[in-house]
Amino acid sequence: MSTTVFELADVEIFYGKYRAVRAVTLDVLEHEITAFIGPSGCGKTSVLRALDRMHDTVAGARVAGSVRYRGVDLYAPDISATAVRRRIGMVFQKPNPFPKSIYDNVAFGPRVSGTKSKADLDIIVEKSLRGAALWDEVKDRLKSSALGLSGGQQQRMCIARTIAIEPEVVLMDEPCSALDPIATAHIEELMRELKSRFTIVIVTHNMQQAARVSDHTAFFTAEQDPKTATRGGLLVEVGATAQMFSNPKDERTENYITGRFG
Amino acid sequence: MSTTVFELADVEIFYGKYRAVRAVTLDVLEHEITAFIGPSGCGKTSVLRALDRMHDTVAGARVAGSVRYRGVDLYAPDISATAVRRRIGMVFQKPNPFPKSIYDNVAFGPRVSGTKSKADLDIIVEKSLRGAALWDEVKDRLKSSALGLSGGQQQRMCIARTIAIEPEVVLMDEPCSALDPIATAHIEELMRELKSRFTIVIVTHNMQQAARVSDHTAFFTAEQDPKTATRGGLLVEVGATAQMFSNPKDERTENYITGRFG
Amino acid sequence: MSSSANLAVELRTRKRSADAAFGWVARGSAAFVLLVLAAIALTMTARSAPVLSAMGLDFFTSTQWSPPEKVYGALPFVFGTLFTASIAIAFAVPVSIGVALFITQVAPPRVRRYMIYAIDLLAAVPSVVFGLWGVLVLSRDFGLGRSFLTAGIILAVMITPIITSLSREVMETTPQADKEAAIALGATRWEMIKATVLPHSTGGLVGAVMLGLGRALGETIAAALVIGSALGQITTNPLAAGNSMPAVIANEWGEAGTLHKSALIALAMTLFVITILVNLIANAIVARAQRRMRGA
Amino acid sequence: MATTAVTAAAPLTTSSTPDLRSRPNWRATKSALMTGVMILCVAAIAIPLVAVLGTVVSRGIGEVLRGFPDFFTSDIPVVSRRVGPGMGPAIVGTVLATGGAALLAVPLGILGAVYLNEYGGRSAFARTVRFMTAVMAGVPSIVMGLFIYLVWTMRMGYSAFGGSLALACLMLPVVITSSEQMLKLVPQTLREASYALGASKSRTIATVVLPAALPGIVSGCLLAIARAAGETAPLMFAVGAATRLNPNLIFEANTALSLQIFENANLAFEGAQGRAWGAALTLVALAFSLTLVARLIVKRFK
Amino acid sequence: MNAHTNKEFEQELRTLRERLATMGERAATQIALAMKALVDQDDELAREVIANDMHMDRDENEIDELALQILATRQPVAGDLRFITMGLKFVVDLERIGDLAAGIAKRALELNRLPTLDSRIDLGSLANLVQKNLNAALDSFVKRDADRATAVIAADIEIDRMNASLFSALLAHVATDPATVTRVLPLTSVCRYLERIGDHVKNLSEQVVYMVRARDVRHRQLGTKG
Amino acid sequence: MNAHTNKEFEQELRTLRERLATMGERAATQIALAMKALVDQDDELAREVIANDMHMDRDENEIDELALQILATRQPVAGDLRFITMGLKFVVDLERIGDLAAGIAKRALELNRLPTLDSRIDLGSLANLVQKNLNAALDSFVKRDADRATAVIAADIEIDRMNASLFSALLAHVATDPATVTRVLPLTSVCRYLERIGDHVKNLSEQVVYMVRARDVRHRQLGTKG
């Protein structure tokens, strides 16, 4: 039995008074890839961002319910968001390299965490780039700008930058939506390799991608919220991916994954 | 036997001295959906834009070889690009409504073509919006800004705007890449309905989309160009879509569609 | 792997005073703007009080400006300022937009690059240089004399590169996709410009024009050199010599007595208020155009 | 309208050869006509501008080259009538006043912009500051000169630093606005990337946001400096008049290129006018080089 | 369940369903005609049944082709996928049923060349039961009725039982009159064919249950076969 | 062909291939053991074969499950899709072969309870030919060798011919000695089982050809069966 990394119970996320997502109760298991799927506005990205307290950076956003990381309530008043984020890395929808050299991009996190020695940084940068299957492509131009890389390479560099802080969890928010099928395949392969070292949670609006990469899938949808009378997201079903795609339990899931969009 | 709408023979497209795509010989049949697929840089969008002379608007771009539309050489010196574009409409990757009302957006083409009468325009606007399966959603707010529509609605409005000029062909350049699966499904269904009235050519980097919507598929790839020693696109194989996806002739096609990206 | 208790300790908040301090320094810097403006408003009001209490509302309505008689009526200068600025705007705006359209929509890439450089450089030419050229060449060598028209032309030449440069930047932000949409619907170049570039740029263009107008209103030196320094002229004859608020201040400050200085300060205050009004209107127009662009 | 009966169009199957030839029509003619108007506009603005620059160069170059490099180093002749160099004190004065202004306005402006974009957002205070910045940007330069005269020169006397203060007040809103614009262009995703790597807010601003916006900010500041260097009116009230070199920023009256141009332009003497053209050429060259450097920075980092 | 947003896909699934039902009906008809040819000693009808088997083979190919095309172009999942893979296996059984019906017709031709057996063995009731089961299985498929299909699976025991008793009866015949052996042998074949058809019908029903209930009943219950 | 970029997918395809090969080997073993039980009159071995059939049933379920999971999560097309759908049909035949081997074992149990037939009928050479063909078919699958598979399809005619001659020999036996009828009947069943295994082997080979050559050879050549 795998260790539970995240334990969400009755999580709701508000933007001001608007309840963007509700009824989120799910576990994320260690060394697995968990995928969040669902239509636009179902709140899957909001839930992902709740896992490393990225909502702190948005005025008016609020997380209710219990979000536990290895038993610790992430939203307890004395928990530091920056400390949380150093344990829980995040990769974004569009590759977002800093306009710095490849080396400085990857070394950014370790430097923030206090690693100053050039020798140590060299080792971390190489290890991270190898981990992101990018080392061979960039080892000769570590000092050139990261913006000169192709889209797929940039995204892999962002993954390297994230794993350079040695997080335990890597959150990914539609990491391939800006990439072509070949770059996507490489990122997906990388994810499968990374799961031996990290726990991965990925948001994707590409159902096939969830089917291809994930071990567990959580399906969200958007419905009329009985309390606020606006459309809001909610969690419908979580299950093993192979089972979700061959034999989902909830009819809403079945309708969505088979392409019955009403 | 269907009528041949486009007949491309040995088409090559240059940007300055760079040969972006070569060896394009294919036919597009009337009342069919023809899909162009292939990895980034394979030139599929360049070829699409050659079909309605959109390259005219780009300095340095040049089309070589023969592009015939119903037997007429589109690149003959006495052919008017604006007349071509009124026969051959285009829908773009990102929904690009003009910052005007929905009505004015759809009426733009007809107005440009000289339709002034309000009554005629009313009819055209309604017919086009119905054709794009959008009428019921917007009929009560034709005068409000098109920018207030959702992404999927905007794209359908762009399709309405295109069919308002009553073209014979509609070219679509990755029309769903900015949309979620539900909006995508609606656009795809719309395409299937439109093909009884129009001939459709679509560029997509989503292979499954090509499989779902198209009758014929053309597979492009990027390879070292023996002449210029740079990487350039070329056409590998054209065929009936069902056959391409169950039994492609060329090994490069098989490798690509089955996800063997080397 | 640390136990849950250890983990909780590790994730605990550490005080981040540096973070907070940085935020307050930034806030203080921003507040400086308010401080300076308040100081300007207070100082100017206090210093213009003497003449305003002496003249009352006549200061704004009287056409008589006679320091020796201690009569200060600002109306001719207000008129002169608005008149020259109007002439300048009338010349500069159509030309600027035409040039900006040429640069962004017509010129081939190479020409475009050089024209952009040229316009940006010209926008940096100091106004006093235009004034110098105006007084020594336009009014003397070309015999145009010192008049509203001369000042208007000099101001127009001065603000055209500025308006052009801003307009070009705004027009360049028109999404290529919008332009292609119009082209793909069979529009000609001009139809495409009318449908996409102009509507898209409306807000920015108004902003650019207003900025140009603000410059023209507040421009002291070039106007002071060529407007003619006539006192009390209210005429729509553009060839007549006139005067404007900034020119009067610049020309008379040196030899002014206490009440005269107060009158000049009140004049500056008036100019200040007019430019603020112009700016507010410009802001409102730009904001409304942006709201419309967002489709709200 | 909703009641209009709409019948589905018959498929547009034209097997006949379509006629796509171009032929003259009003739409194409109109488009060509408008292009012609644009070209006329270019000519309309090119002619006077070329004339201005041409005159400045042709009249200024002789003055500058006469007894080179005396024009840049010699004191200004006390007797305006005299023909000959130079403009040394004015050049130094311009550099002092402008440099001082930059030292005051640039850090303050950038920090203010950081507040507006990174902290204030849409808060009431930030909106007020933003609005007041726009108001301040519209304050005519002569008003700013008067203000400095009243609060500074009247007490401390004429000096280059008074000019610096006036110019700084003029530059501040420009620096804030252009810097905020540049900060706004830094994608939110970069900040998120930094936060996601465990960086604090100040660290994120210092090591990610500001470096990313730096080329744009520097370029905006250079343009603001270039504009300040050419200002005349505010200096009239703060710098005073001098003909001898005064390298002291804080004390004693000084002069500046723009002031010299203004004063000499009104004089009917050949020598004074010559020096005015020389000063104009120098000032234009200074403004051009600052502008060019700004553009190069932007181009380099784009 | 809702209709597919993709109407072409919906249409293809409907076509697949109809093709499968049609093929099932053809199989039922083939059995009925083969039994009629046997009972009526109708050589011509028997030959017709044998010739018609070609259509069943063609059905199998075409349905496979359609299923493959749907899999390749629509990327079905969940219920749709179960239905299509079920279809792929369904046709295998239907095609074999067709083969067996043709086999019965061939045995009928053989028997018609021999003298009639005095006391007729009651093959008719076995054939009736098999046909009834096949029809029930097809019906459960069309109506997506798992309960009905489960009943068919249970009814197979009856077919096996009936087959065993018929077999003993035939053996008893040979024992009393050894000369009938050449005539009994084809009849035992027909028996076995009917029993095998019964097995295939059971398989069909298991596929239906699997598709509808999405759990694998095949080989779990009801022990081993053969 | 290259390896898949998606290594998990690649691994799943490899697993599917291995599972199919293993199941094929099990089927071959089952036939061999059943025939050995028949020849050696070994009741225990026969019962073991019957019990082992359970494993073949489980194989079928698990392979189906794997194939379905691959179809649901990988959305395969072209060659991969043909291979997987082939796998789905392949197991049907293998499972039936398993059933038939168990059938032979059951007949062996029946025969062991009866006196031995004096002149032994040469079932061995038919069984050998069938096994040889099955092994060749499995080999052609593993090696993706369409030529080899085509040869197997052709060889099925030989099995049919051999079966027909064995059948006549058995009938001749009954004619000369009517008392042997109860012993001959199970032997005719074994004959028929072997022939049916041969048919399934032919089907397997056709699937291999289809997968490799991507054209449907099933039912096109070689006429009708039954």
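Letters A, B, C, D, E and F mark the chains as written, and numbering starts fresh at 1 in each.
We take it that a contact is a pair of C-beta atoms (placed from the backbone, for glycine too) under 8 Å apart; a residue touches a chain by one contact, two chains touch by 3 or more.
If you're wondering where the values come from, they're calculated on a predicted model, not measured in any experiment.
Engineer: Among all the other chains, which ones are in touch with both chain B and chain C?
Structural biologist: Both-contact set = A, D.
Engineer: Taking each chain's centre as the mean of its C-alpha atoms, give the chain farthest from chain F.
Structural biologist: C
Engineer: Averaged over CA atoms, how far is the centre of chain B from the centre of chain F? Could you give it in whole Å?
Structural biologist: That pair's centroid distance is 52 Å.
Engineer: Where the centres are mean C-alpha positions, what is the separation of chain B from chain D, in Å?
Structural biologist: Chain centres of chain B and chain D, defined by C-alpha means, are spaced 45 Å apart.
Engineer: Which chain B residues sit where two or more other chains touch them?
Structural biologist: Residues 82-83, 112, 182, 185-186, 207-208, 211, 245-246, 259, 261 of chain B each touch two or more of the other chains.
Engineer: Spell out, as numbers or ranges, the residues of chain F touching 2 or more other chains.
Structural biologist: As it turns out, chain F has residues touching two or more other chains at 5-6, 9, 68, 72, 75-78, 81-82.
Engineer: Specify, in ascending order, the residues of chain D that touch 2 or more different other chains.
Structural biologist: Each of 27-28, 200, 203 in chain D touches at least two other chains.
Engineer: Chain contact graph: line, ring, star, complete or other?
Structural biologist: other
Engineer: Can you give me every chain pair that touches, using the contact definition above?
Structural biologist: Here the touching pairs of chains are A-B, A-C, A-D, A-E, A-F, B-C, B-D, B-E, B-F, C-D, E-F.
Engineer: With touch defined as at the start, can you tell me which chain C residues reach chain B in the complex?
Structural biologist: Per the stated touch rule, the residues are 108-109, 175, 177-188, 191, 195-196, 199-200, 292-296.
Engineer: Residues of chain C touching chain D in their complex?
Structural biologist: 16, 18-19, 22-23, 25-34, 36-37, 39-40, 43-44, 47, 94-99, 101-102, 106, 115, 117, 120-133, 135-137, 153, 157, 160-161, 164, 188-191, 193, 214, 217-221, 224-225, 246, 249-250, 253, 264-265, 268-269, 271-272, 275-276, 278-280, 283
Engineer: Within their complex, state which residues of chain C touch chain A.
Structural biologist: 4, 7-8, 10-14
Engineer: Please output the residues of chain B touching chain F within their complex, sorted ascending.
Structural biologist: 207-208, 211, 245-248, 251, 254-255, 257-262
Engineer: Note which residues of chain D are touching chain A in the complex, please.
Structural biologist: Interface residues on the chain D side: 121, 187, 189-200, 203, 207-208, 211-212, 301.
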